[in-house]
């Protein structure tokens, strides 16, 4: 426990420095945030416009879809914000700066996690949060302590999953110099797909989002539990509530794969 | 003219080399296209009222959008951005080339080369398997081609306008990122324009952005009849001319401002 | 108990052969050909606590590879390595906690942050107790004269200033072992002397074991009694630096300051004679003619205002050594 707290403190310190550095460019930061807010908000705008013409999608009304949207976007932008180190990792490997991380008595993953907290993604976060809060107010759900806790867990679980995807994406750099855009499919495509309820997708795609890259699992099922909605796919409540754990498990798995990558780097000599 | 075609071929060659990236990009677009299609199908399945466009047309629009995504002016020329940042844009003034024309040619190259690489395989595969229907008629096909050309010219004018905005560095970048969202929405790339509320339609019809996507695509599906082509082309041409003039004026202002500041 | 034990260390790299041209690139898609590089070929040596050893050899000899293995960054193919009782790559974090590294060409500081903040970050990373950190930090700042630019971001420092900061950063957690990889590269004379002086004192006063990898032979001459020479992955020499130089060449130089600048000075036993103004340098082999004999002969025939006898420059000795190694004559 103490190790965890200690690592957390170090992370916070790193992040604080990064934020302070970026706040220096205030005007640019505000405008770029506005830009990101709008460009990600465009996706929600599509939902709004379409719900102006249609009443529901697969039995989900606007506030329900908005809830799912908000949940997924908040989780994604949190993961995105805190994983910038992994994003730039490929470049670091090329310039030979990874050795520097290995020379420090800390796990490399932790060091990367602490790097470069980028505030530019704040736009997507704000927008996701706004939608989430609006929908939460309009769902007609009684927000008990238990439900709020589950919501936070769901966000955390979803966030862990996205974080795991980013870690895996970075780990690829240990094996190849190509940046595989296909992985972007999974992360950005995943967040896009999960804004809509799982049942609308065909079986093969549903299974992909549930078992292979379980974005569907960590977003859709807890949302059902929170909204008290019946699941046409027939999942039990217990599963819905525990689904966020899968996100944590995915992240743990990703970190193990990362360790494999580091080991390979040490054998091959970089 | 030789200089401009040289730019085009150079760009094309570079892109051929990045085939791996191109392929990855293709997969991404299939992926997104699929999701859109499934979403629309789900919406239509539970539709209780009539809709402004038929589902089969919407699916065609989605795939056309993915195929021709490269044509949408949603970003600035990264080299221009780099040039402005480093300050070397002032050297461009020393070249015996009309700078606006030069940037316009670059924009043309950037919009056409990658598009061709992606559009062709996507159109073939989606046409065969995934619901991309052929044009409504021969006349529609011809109208589509003409409007597409108009869209290209219009799009490049917008791109160069964005590039020029970068000359006002800090605020320029922010403005561009905001304007990008507007372009994506108002062109009909995000959601086909007929879905927007009825009271918004006149505004959407007047603005230049519909000429980028909405006009050529709905000519293709026949939602806009080929007989409307002349009006559509006029709309595109008028806005293109306006944006070119505005672009040139702003460019002059911006460059002067830079040299005053000692670029 | 030696602090560092290296036994039969072997490390091979597989380097992909890149073909040139477009056709080569296409061929490259269908399976690569690899070339094996024997970076380390059965290298063995030990080091006791408190030693200051020079690790020298031509480029590509395997020096960096050795240092990386000792630091736990790299895993060897075979051989036994123990650093302070631990196998470095198996217990990377524990090993790295007790060592410091200075890379002359790469920085471990945070580029955009003021130097002082880098030191604070390092305290957290190495979990140094606050009181101890304060003391060490103050001491290092005074010794290396860093006070005046503690608030300056690292990227704005001159090379000499940066190197001093790197040294301080590498010692801030009081390591027992220090690897210095080209620490004086690119530095001006004053900075070089400052770095050398600091390194020597740290080694003597604190007993910090040090491995110095460098191409600057003046560094070696000034700091190391023991050198380890490595070439193409093989350890060729492990002993005193003077002995190594003697093996390469015993030549010495007699330089005289003539009273009459136009006098034609020479000697049958002189290997070569060079002249600058009224200074004439005669190169000779002490085996053929002793220094005393040569002096007697020269001063007998010409009037000499001043003279000095010295060894040939160390750089030259080592260049000769490396050349001899590569063409197999040594």
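Things worth noting here:
Read from first to last, the chains carry the letters A, B and C; within each, the first residue is number 1.
Everything that follows uses one rule, which is that a residue touches a chain if its C-beta (ideal position, glycine included) is under 8 Å from a C-beta of that chain, and two chains touch if they have at least 3 such contacts.
Computed from a prediction, not measured in an experiment: that's the story for all the values here.
Between the contact lists of subunit A and subunit C, the overlap is empty. Greatest Cα centroid separation from subunit C: this falls to B. When every chain is represented by the mean of its C-alpha atoms, the one lying closest to the mean of all protein C-alpha atoms is A.
Each chain gets a centre from the mean of its Cα atoms; for subunit A and subunit C, those two points are 48 Å apart. Distance between chain centres (mean CA atoms), subunit A to subunit B: 30 Å. Subunit B and subunit C have CA centres that are 59 Å apart.
Taken together, the subunit C residues at the contact with subunit A in this complex read 11, 13-14, 39, 65, 68, 71-75, 89, 92-94, 96-97, 101, 106, 108, 110, 112-113, 117, 121, 124-127. By the touch rule above, subunit A contacts subunit C in their complex via residues 6, 9-10, 13-14, 17, 21, 96-97, 99-100, 102-107, 263, 266-270.
The part of subunit B that touches subunit A in the complex is made up of residues 20-21, 24-25, 27-28, 31-32, 34-35, 38-39, 41-49, 51-52, 170-171, 173-178, 180-182, 184-185, 190-191, 195-197. Those residues of subunit A that touch subunit B in the shared complex are 27-28, 30-32, 34-36, 38-39, 41-43, 45-46, 49-50, 52-59, 178-182, 184-185, 188-189, 192-193, 196, 200-202, 205.
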